[in-house]
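One structure follows; several queries about it will come next.
Chain naming follows the written order as A, B and C, and within any one chain the residues start at number 1.
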């Protein structure tokens, strides 16, 4: 599927909406609560966010397939377009840029010009949060969970974030392997 | 656990109880001297120097996002909260506490928006151009919650606003939502059928009340009808000091 | 005119303080309080002693900007107040430039300052730099407060900011300074 077609699907898929700020504020509440509960152990907060995302991803993929009506992707490049232009468009109303492919076509970056999860956010000025916390880490988990349900084991992590003072917000996504029909994925 | 700060001491007009006044020579509980001349180094900012202060507060005003995304996040929030509590009451308390600071934020956001836009989101008449007033009376506060707050959060007003008819509880008011968004995607297990996740919204309301100086306890209750199976009533009980002040303001003709 | 601006939480914790001088009428933006050694302390004291009046006004006037609410004659200090709907108070103390010594002890009250425009170094009685209670000043302070409010809301919207916590952002401080320069 061409990437422009993916864009069109992303644009045209009709979904129920809510006020974006309700989503933003709710997510901010979750992260702030985690930071409080884990006593600003940001590594642990990242881990928890990833876990939450994983749970969401596993459920969200069904919704995604039903709403977008897209079928199986031919290759990982097509998957990347589908994630950026349809998945993110539907669920976060943004379309990150897909770029920085490795030559084996197994790794790419998503660059976020906009990130509604991080609107209004300023990280704690404690000398650590900007080095340790990935505020939007839930998104990595969402990708991992969702793709696992369609037989792709991936690894995703942020490499930069505007909230940390970087110039871009970038997530690195790597294909680990295609999962053969062996057994259902384990829940975390 | 650090609960959000709540105003415990409510001020009544004729009360002699005032805020602590630092006396000369007794600055021990006064403001820390270190506050003024030591700005922190601050956070790193991107090379374009964009910070929260550069982003217009109205930028996402009319933005919309997937309802499903909200539902997923909210469900995770509830699930996570559930793992850290014992029992339904505890869980509702926790959700309430998470909503509370949001109430304070939304209050400031609402008022900011009405001071900067011509068509006021707070007043029903779009002709008023003067900045909105802080609510001084309970009824004004309730209208603020029932209308503007609900519209900001849920895109519509709440469905009903009522005053307790019982003479024993003149301090109780009810705001009803026939179909709360927060319950739309949450399926509560049968053994927890007392649970109402709208406790989160109750916390938001409590934050709004407290922020405005109306100390209140707010709780969410399932009141299903045949037509509205997840109908929820938010019960607001205002504190004694609020009711006292209300009488004083009533007598002085303040609206 | 010298200014001392403070933000107090609903429980009277100061979360932000700044002192600055007028930038109007050729002012250099530097605060020159009458008792420089104890200014910080005195200013805090004067502001705290005006809280009673602020709290009374809070329930008779629903406006966010309450204008000039209190005067403290011993220091010729004037207090203006702005209340956020979330219960946070912005308080601005202004102190006109000191009159010549001849104005001395008898001329310390508010009325004599208002009435003795000829003694003031620069500007007329209505100027923001000289007269703390003129309509022009009330309006300038309103603009200042409104601009600070916008920046305060931006601070408060962050999920990591808890009401009552000290505001340490240098960007916020710079914004308040700029608002002071622009309006006062």
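Basically, a contact is a pair of C-beta atoms (placed from the backbone, for glycine too) under 8 Å apart; a residue touches a chain by one contact, two chains touch by 3 or more.
As the structure is a computational prediction, the values presented were derived from the model and not from experiment.
Participant: Check every other chain and keep only those touching both chain B and chain C; list them.
Facilitator: Shared contacts of chain B and chain C: A.
Participant: Does A-B or A-C have the larger number of C-beta pairs in contact?
Facilitator: A-B
Participant: Just curious, how far off is chain C from chain B if you go by their C-alpha centres, in Å?
Facilitator: Centre-to-centre distance between chain B and chain C: 29 Å.
Participant: Between chain A and chain B, what's the gap in Å when you average each chain's C-alpha atoms?
Facilitator: Each chain reduced to its C-alpha mean, chain A and chain B end up 30 Å apart.
Participant: Taking the mean of the C-alpha atoms as each chain's centre, how many Å separate chain A from chain C?
Facilitator: It comes to 47 Å between the two C-alpha centres.
Participant: Multi-chain contacts only, two chains or more: what residues does chain B have there?
Facilitator: As it turns out, chain B has residues touching two or more other chains at 2, 40, 42-43, 45, 51-52, 55, 101, 105.
Participant: What parts of chain C, by residue number, touch at least two of the other chains?
Facilitator: If we look for residues of chain C contacting two or more partner chains, we find 154-155, 157-158, 168-169.
Participant: Quick check on chain A: which residues sit in contact with 2+ other chains?
Facilitator: 25, 29, 120-123, 125
Participant: Considering the complex alone, what residue numbers of chain C touch chain B?
Facilitator: 6, 9-14, 16-19, 40-41, 44-45, 48-49, 51-52, 55-56, 58-60, 62-65, 83-87, 146, 149-158, 162-164, 166, 168-173, 175
Participant: Would you tell me which residues of chain B are touching chain A in their complex?
Facilitator: Those in contact with chain A are residues 1-2, 40, 42-48, 50-52, 55, 59-61, 63-70, 72-74, 76-77, 79-80, 84, 98-99, 101-102, 105-106, 152-155, 181.
Participant: Across the complex, what residues on chain A touch chain C?
Facilitator: 25, 28-29, 31-32, 35, 120-125, 129
Participant: Per the contact definition, I'd like the list of chain B residues that touch chain C in the complex.
Facilitator: Counting only chain B, the residues touching chain C are 2, 4-5, 7, 9, 11, 13, 18-22, 24, 27, 30-33, 35-36, 39-43, 45, 51-53, 55, 57, 101, 104-105, 107-112, 115-116, 131, 133-136, 210-213, 245, 249, 252, 254.
Participant: Where on chain A does chain B make contact in their complex?
Facilitator: Those in contact with chain B are residues 15-27, 29-30, 33-34, 36-37, 48, 52, 55-56, 59-60, 63, 90-93, 116, 119-123, 125, 130, 138, 162, 164-167.
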